[in-house]
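Shared chain: chain A. Partners: chain B in the first complex, chain C in the second.
Up next is the complex of A and B:
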């Protein structure tokens, strides 16, 4: 494995089976994650974007082995953790942390937040009780819950959503992890608090050289935090590349649709690159390219043959038979040209 | 700082049921129960007579005497003072009830936690055993177990706890199943916490309020069942005082128009049961409010 890579994921799959059995209704296999591969380097942030139901969260939980993968491989720091038993995994867990979307239920409602932050150090015997308390107070201050003494003994119900998310961040960061999966960490937080929480994450990242998988449906958030962006659709990555470039010059029609669908304050005259309908049922994935029923550029080939994620120059990967031409979005937004047919 | 705040938190936790919703119910129940606890502890100073002391002249001892200034609740046959026997009897009742409720909690809660958290074959086996115990009428089961163990207050407590273990087990197991799926339990796994920490530090504290409500329910029921056991002579043996046993000894009085020998012991049983029921009810009302976010 080349140096600097902290996480290598190959062909990851997770299928959920619903129904079946006695009176369980028809058996359906939900292909939540259907062959995802990527690598993450130390200190890098990947923005994992897509609509709800695209498998972003499942991917994040699989990577940390909070779900058992059905196929594929996960290498963390060169160690294959795909099938590592929980007992072997447990000592590694402090090095890979997760922040959840819902700051209300990711904290034990009866544990004072200071104790919640100190607990990981105590449980993993990384510090004595009093040292851990000391560190927890430092972190409370660090995440902006000041004066820390006032916050230490509060229970989550006494904090706002944004304050709880800071507690969750502090609890993850007290372990100085190397990998962080942040699952929509600001989507349930008040808009006014978002920028600050994102900056906090960025600061920790710089300090610890943290590698981050940042899951979001919000492209403007992804633009702020991500070095690279991976766009997911129905359990697969459809486009990946450097964040700035993917957002400026998308090559996959789905990415273009996501970008133009996002509301923007700055752009006055907006043109939307429209796609039809909604994301398909992941238990009934269309044949061929899974995006073709919604795609304005779909051809007969798209309904037959599934495109693979292929190099499209400049480190860009696109899974499309008819990718958009280079530099297309900028021109189209200027009002030049029609939505190009294939 | 930390020490003081911890103490403040514990004090606030102890005071919590006396505040907020359900505080009226809880406080009323608490006062009733405390009256009986004080009675039991200070029995020698509160009771005007010993439990088996002839408190009236010999010629009056043959028949129960009605309530009077000297005997506010009258006397039993043989001249035993009803009030004094109620006071002394509260010792046995509270001992049996407290011991049985605590025993069944100590056994039922851990079993429910483990069963709900790990599931699998152990869970199925335990659930089956507990359900079959639960299906028995409590008093019948308690009498059966107590008869096997032999009459004594401690054995009565053990037989009662056999009845109430499933109550704790079922409640705790159900709650654990629910909490196990919650995000904060997954978060505990993501942090690499061993099961012991997750169970004791994260699930148990969230099951605790329910456990206390069940404790109230079990104690309430145990008072009535204890009276039943005493009635059949399975706690203490006459003439030692126990409310249920006094009821049985006074049964024949009812036909003679003597009401005080059954009324007051019965009232004591009902009041103490009411006290525990009110505490449990008040607590559950408060807890239900607290679970909403």
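Up next is the complex of A and C:
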């Protein structure tokens, strides 16, 4: 494995089976993640972007082995952890952390938040109780919950949403992890407090050389934190590349639709690239390219043959038989190019 | 005469720990044919304002003062029976969560059909279902989906069905409270298109309540910004987003990530106040980057500046 790579994911799959048994309704196989491959370097942030049902959260949980993969391989620091038993995984756990969207549900409502922050050190036997307490107080200070002695004994209900998310970050960071999966960490935080949460994550990242998978449905948030963006659709990556380039010059029609649909104060009357309908049910994935029923550029081939994620130059990967030409978005926004059929 | 004239409205929630002043002296006028975006964060009072207009503030909350004059009639003085004749018929409302607003075990057509029966527009279930079919079609869904159950629809389709119900009786005013918050961006844009189209076809006035100033900015004629129960700025959308007068409006704009904006996000330091004990003076002063002595002492009145209203001592000095 080349130096600098902390995570290598190859052909990852996760299927969930719903129903089928006694009174369970018809058996359905939900292909949540259906062949995902990527590499994450030390200190790098990947923005994993997609709509609900795209499989982005499942992907995040799989790479941390919070879910068992059905196929594929996960290498963490060169170690194949795909099927590593929990006993062997346990000592590695402190090095990989996850933070969730809703800070309320990821905290025990009766536990003082300082104790919650100290807990991982004690559970993993990395510090004595009093050392852990000291570290928790430092972390509280670090995430801006001051005076820390005052915040230590508060319970989650006594904190605002933004403050709770700071607690969750402190608890993940007390272990100085090397890999962090942050699942929509600001989507439940009030707009005026998001910048501060994102800044905290970036500061920790710089300090610990943390690699981060930042999961979000919001491209404009991904742009602020990500070095690279990966766009997922129905369990697959459809486009990946350097963040600013993907956003300025998307090559996959789905990425173009997402970009031009994102609300913007700066371009209030922009031209939208419209696609049909809504994301399909992941238990009923369309044949061929899974995006083809919604795609304005779909041809006959797209309904038969699934495109693979292929190099499109300059580090860009696109899974499309008929990608948008280079420089397409700028022209589209200026009013050139045909509107897709309604 | 304005279609809606809110004067010094106060809505308080009377809790054991004291009165939460969720809406505290808001005055706002909406002209016929406008699309007004009401923007604010949690605790700003924007949703309570919407509920107050519909007279649906849940206990322990109630309208503690002020007036809501809709087409010449003060809604705060109507009996529940009189209000029922306005709700759904002259003022329609759509809420955030389409699943919570629909009964999972009743067919879509029957649920939308209720509004026709309640207002005596249909005299039978059959007729109500037929009219519900027409309403669905108006919202971009097939007429025969009256027979479907909510779980057979996607999130976006459910929101379309609810909009169909809200506009079925061709109301003059539609209040949409975070109608797309639970939806993905592509579907969100389509729902906004639908509301815009219906507004044009039916000649409606729209009030869009949202936490997202970008979303509000795209289609509104005017934007109202709320903070901690107060209206802090109100004016034409271009003026408000390009030259905000209130420091909170400015902060909110600088906090909103934008694909075509700055790559640095600023944010606003601090946290919103406890509305049981709001700060003295201007409620924004503890978080305001340009607060003066006066802001700590004296509450700024809402003052007209050109075609805008603003409640800020600093903004008034500037002009």
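One rule holds in what follows: the second predicted complex is superposed on the first by the 337 of 342 C-alpha atoms of A that agree within 3 Å, B and C clash if a C-alpha of one lies under 4 Å from a C-alpha of the other, contacts with A are read in each partner's own complex, and residues count from 1 in each chain.
Operating definition for what follows: contacts are C-beta pairs under 8 Å (C-beta built on N, C-alpha and C of every residue); 3 or more make two chains touch, one makes a residue touch a chain.
If you're wondering where the values come from, they're calculated on a predicted model, not measured in any experiment.
Visitor: Just checking: does A:102 make contact with chain B only, chain C only, both, or neither of them? Give me first, second, both or neither.
Guide: first
Visitor: Please indicate which partner A:221 is in contact with in the superposed arrangement: first for chain B, second for chain C, both, or neither.
Guide: After superposing on A, A:221 lies in contact with chain C but is clear of chain B.
Visitor: Which holds for A:163: it touches chain B only (first), chain C only (second), both, or neither?
Guide: Second partner only.
Visitor: Under the stated touch criterion, which partner chain does A:110 make contact with: chain B (first), chain C (second), both, or neither?
Guide: first
Visitor: If we overlay the two complexes on their shared chain A, which of chain B and chain C does A:120 touch? Say first, second, both or neither.
Guide: first
Visitor: Enumerate the contact residues on chain A facing chain C in the complex.
Guide: Residues in contact with chain C: 51-52, 160-163, 190-196, 198-199, 217-221, 223-224, 247, 257-259, 261-269, 272, 274-275, 278-279.
Visitor: Write out the stretch or stretches of chain B touching chain A in their complex.
Guide: 1-2, 5-6, 8-9, 182-184, 186-194, 197, 201-202, 205-206, 208, 293
Visitor: Show me the residue ranges of chain A that touch chain B in the complex, using the header's touch definition.
Guide: 64, 66, 89-94, 97-98, 100, 102, 104-112, 119-120, 123-124, 133, 149, 152-153, 157, 168, 171-172, 175
Visitor: Considering only the defined contacts, which chain C positions touch chain A in the complex?
Guide: My answer: residues 41-42, 154-157, 184-190, 211-215, 217-218, 237, 241, 251-253, 255-261, 263, 265-269, 271-272.
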